[in-house]
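Labels A, B and C are assigned to the chains in the order they are written; within every chain, residues are numbered from 1.
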Amino acid sequence: MTKVYNAVVPASGWNEKFTFSPGVRVGNLLFISGMTATDSKGNVIGEGDIVRQTEFIFEKMAAVLAAAGADFSNVVETTDYFVDLKDYDKTAAVRRKVFAGPPYPAATGVRVAGLIRPAALIEIKAIAVLSS
Amino acid sequence: MTKVYNAVVPASGWNEKFTFSPGVRVGNLLFISGMTATDSKGNVIGEGDIVRQTEFIFEKMAAVLAAAGADFSNVVETTDYFVDLKDYDKTAAVRRKVFAGPPYPAATGVRVAGLIRPAALIEIKAIAVLSS
Amino acid sequence: MTKVYNAVVPASGWNEKFTFSPGVRVGNLLFISGMTATDSKGNVIGEGDIVRQTEFIFEKMAAVLAAAGADFSNVVETTDYFVDLKDYDKTAAVRRKVFAGPPYPAATGVRVAGLIRPAALIEIKAIAVLSS
């Protein structure tokens, strides 16, 4: 089945057993899968520390963006899924550093009932638009 | 950092401390951040009344659309996050008035574990496409 | 109100009382509403069986894609909402069959507090891009 899109995989590689791509490029759109602060061995970085987890997610996202020739200036929308809202506001400082706005991307944040990785406190998905 | 997009801000203004934009325009795409029925002073309008909250969210969304030269005829997709599913079906009447379909946008609605504003019963995000 | 988009309705029809479309096409973008394994009579297929529910959702999605002249090779992103994470990993086998990757679409999966259909175990929304 020839896909309309290309998978976007970070330089560090990707596990071919997964049934999703970390990113997908089609035309000038880049869809980035929801990411938790999980490293390549499946361990969550920054256990109990939402700020560190958010930083690590954005490090992973940077690698996907880079693989498409993009960076955070291309990210137009993020969706944050929180397990707990207690410390969600601490993630704003990370966004301020990463996106260096204004302007900032559009964003949505909600508390979910759980994330697939039990130790994950936050998951972030994103849409980016590549410069033409 | 020069962004690939422009922030879309309603005529009533925006708090520059926020690390997201109410809307983001890139090409003919308009991404609208998740909105609750919160006024400019941070108070939730229509406490305990999901219909009034939904109306107020669409009033806020109309202002973001207007700032991009658009209206509800441009909204192609909405995602509704409910705190409770008890009265979610009452929001259909608001959608009927706002979108005046058929046709209607695509839509997804799920119950989340919580919203950032404790008194909010519903949050709505949207994607719009501008006429070219 | 003239919409910027066209509703995409499966050959089996659609209930005009609903205030959303199963799919919406604008340019080469196709937004597919969140779907549960509910049949045309409102009954959930595969009660208690997340694999069967996922299969049925993709059967419904195939019908929406077909109505737009598309198939699963056009799907660039999915979002899965799970009621329970106990058996979520069993849905990977369904994705493997449906998407026949690599490459695979981008994907996000979270556990929500509830879905509108009480017997639904999973809801999936998607974005597709049509070949130009």
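Operating definition for what follows: contacts are C-beta pairs under 8 Å (C-beta built on N, C-alpha and C of every residue); 3 or more make two chains touch, one makes a residue touch a chain.
Since the structure is predicted, the reported quantities are computational estimates derived from the model, not experimental observations.
K.L.:
Rotation angle for the CA superposition of chain A on chain B, to the nearest 5°?
P.N.:
The best-fit rotation has an angle of 120 degrees.
K.L.:
How would you label the chain B and chain C contact, same or different, if same means the shared numbers make up over half of all numbers there?
P.N.:
Different: fewer than half of the residue numbers at the chain B-chain C interface appear in both copies.
K.L.:
Measure off the straight-line distance from the CA centroid of chain B to the CA centroid of chain C, and report it in whole Å.
P.N.:
For chain B versus chain C, the centre distance works out to 22 Å.
K.L.:
Counting only residues that touch at least two other chains, what does the list for chain B look like?
P.N.:
Those would be 79, 112-113.
K.L.:
Chain B touches which residues of chain C in the complex?
P.N.:
Those residues of chain C that touch chain B are 1-7, 16, 18-24, 26-27, 29, 31-34, 79, 81, 112-116, 123, 125.
K.L.:
Chain C touches which residues of chain B in the complex?
P.N.:
28, 71-74, 76-79, 85, 88, 92, 95-96, 99-113, 127-131
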